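Going by the order they are written in, the chains are A, B and C; count residues from 1 in each one.
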């Protein structure tokens, strides 16, 4: 069990890095799409469709086993983080896009009439409200990322599931360590979900 | 006192498909003048304000604010020059627009609503912006709510915040889009008094309004607009009582039918108390 | 850089051409797994949703725990739990069976949430008015509630089923011979990972696109698609309208 406890921190760190990258990437995708450059949007839409339409496991395989065939060799951790964050960035961008229309257009007009530039309007008016509105959904997305880190066991990242399998192989009792791993993942999920609830409650109060 | 017009629009045209919402409109507002713009709904008043601020850029024509061209410029040699977006943003700051729906930013405090544009667009320091904002809030008598959020204050207070936000940029001219129409009746008088104070402080203003009381008592000049054209332009009392155009007559007859006291010359504020 | 160009030029289609029957077998099994998970999952989902809407707290607690387990534990861990757990209860069976059970249980939890949300979205008066005119509960459910929840639940159910198709790839970890597993077998024989995984991705992509086309056709036909249709000012649309739907 102590070994599993050590390993869950690996999952946590990988998930944390991936979520940060995903929010960054997802925001970037959203802003890029708002420019409405035809060719660029076609590329982005195809990318989104591809990521949403294929299993995360296959995306992880592509990053870890596929990229070396193109001459780019990544460590399992880096390949895993890249695969998870690209996958999640697409979902983050879809979440943000879904909430954009909830911002009143008059607010943009007011900012434009005051002579604020596009960058300022994104940074000061649109994004702060967007993140606030979507925070519960973004937290939910982060639980998906945390669960996704378990898949990195298949590309030899020494995380909780991998360690549980190793313990099972050396003790010939595979079931018990898997239960331990499940409990740890469940714990992370419960913490994140509770956080999500707290955020949502605070929002409900603010809206009055 | 600055010389030259605060705002000049030359041959403005804005089309929506076949319809000309603004039809070859000329307008010049000198510094210090308070102009009220009336007309039936759908006559192009709001479109005009949106054109003047380039929220809805006109299809043709030229706009000058404090001597600087907004959007398009007509050079002396007759060539039309298109200014950059950055230039447009810069000149826009010289026009303050108070929206009908106010459009405060709900995620920012009153103070930040007023300071954001000052700091970013005018490059003022945080402290200078705060000091300026506090001065304005005090002048509008809402100094106490600087740290509240727009959702926590009353409609009348929100209106003042929106005015303060526009004034904070030290605009050459303030445009108001029906400042009283979104308000509860008991607040109308309050806002009209506020506009009157601003007017007497020398602020240049263009006010789209349905309040003939304001047009008559506060404004120096009354414009009547219909179908994208200014039909009457002059001293308020003259336009209301002596205009020859039948459409203008019809409008004022209809409006005054609902305001018997107005024609009798009674102070109309009492209607709202 | 030079090497990578050479490698791309060396993409070897024969890898796939030689092994395509395996991929077809795998894809067929993937679809069958998804079909079983759909039917079984909908059954579990409907039962759980109904039970959790009854105000009987022990049952609700049990269902809550089941939903939390399925949503909180990564699917790959659930698969291993069932795969290694069943034998320790004395049940010895094939990987295919444990995999199907895992996928169905997993799907059931998600379908339950969808159905529950759809029922709760109905105005309370719908149920009460049916009961007050004397309909027994089953008739009220059948004639009043169920017809109204079908249309709004179709898009999330299609979405969820696509998720199950994608998640079924994880069953390769316990040697269920579905699409991903077959891909791994081919990769073991050919050592051409890029070709293999790209082909797998394209096949999954084709399957999910076919599904989303179905959902799209349904939405068009029954008009459940919603969205902001009102006109937005062009200035605001520059920021807020990504798909360019609001134009004048």
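The rule we apply is simple: a contact is a pair of C-beta atoms (placed from the backbone, for glycine too) under 8 Å apart; a residue touches a chain by one contact, two chains touch by 3 or more.
As the structure is a computational prediction, the values presented were derived from the model and not from experiment.
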(request) Tell me, please, which two chains come out on top when C-beta pairs in contact are counted per chain pair. (result) A-C
(request) Give the label of the chain whose average Cα location is farthest from that of subunit A. (result) B
(message) By Cα centroids, which chain is closest to the centre of the whole protein?
(response) A
(request) Would you kindly tell me how far, in whole Å, the mean C-alpha position of subunit B lies from that of subunit A? (result) 46
(request) Express in whole angstrom the distance between the two chain centres, defined as the mean CA positions of subunit B and subunit C. (result) 55
(request) Averaging only over C-alpha atoms, locate the centres of subunit A and subunit C and give their separation in whole Å. (result) 19
(message) Two-or-more-chain contact residues of subunit A, please, as numbers and ranges.
(response) 106-107, 109, 112
(message) Can you pull out the residues of subunit C that are in contact with at least two other chains?
(response) 233, 235
(message) Show the residues in subunit B shared as contacts by 2 or more other chains, in ascending order.
(response) 55
(request) Quick one: which bits of subunit C touch subunit A in the complex? Just the residue numbers, please. (result) 1, 3-4, 7-8, 68-69, 71-78, 80-81, 84-85, 87-88, 162, 166-167, 169-170, 172-173, 180, 187, 192-194, 197-198, 200-201, 204-205, 208-209, 212, 227-228, 232-233, 235-242, 244
(request) Would you pull the subunit B residues touching subunit A in the complex into a rising list? (result) 53, 55, 86, 89-93, 95-97, 99, 101-108, 116-117, 120-121, 151, 165-166, 169
(message) Could you list, by residue number, the parts of subunit A that touch subunit C in their complex?
(response) 30, 33-34, 36, 49-50, 52-59, 61-62, 65-72, 97, 100-101, 103, 105-109, 112, 118, 121-122, 126, 143, 146-151, 153-154, 161, 164-165, 168, 174-175, 178-179, 181-182, 185-186, 189-190, 193
(message) Give the list of subunit C residues in touch with subunit B in this complex.
(response) 233-235, 248
(request) Report the residues of subunit B in contact with subunit C in the complex, numbered from low to high. (result) 16, 55-56
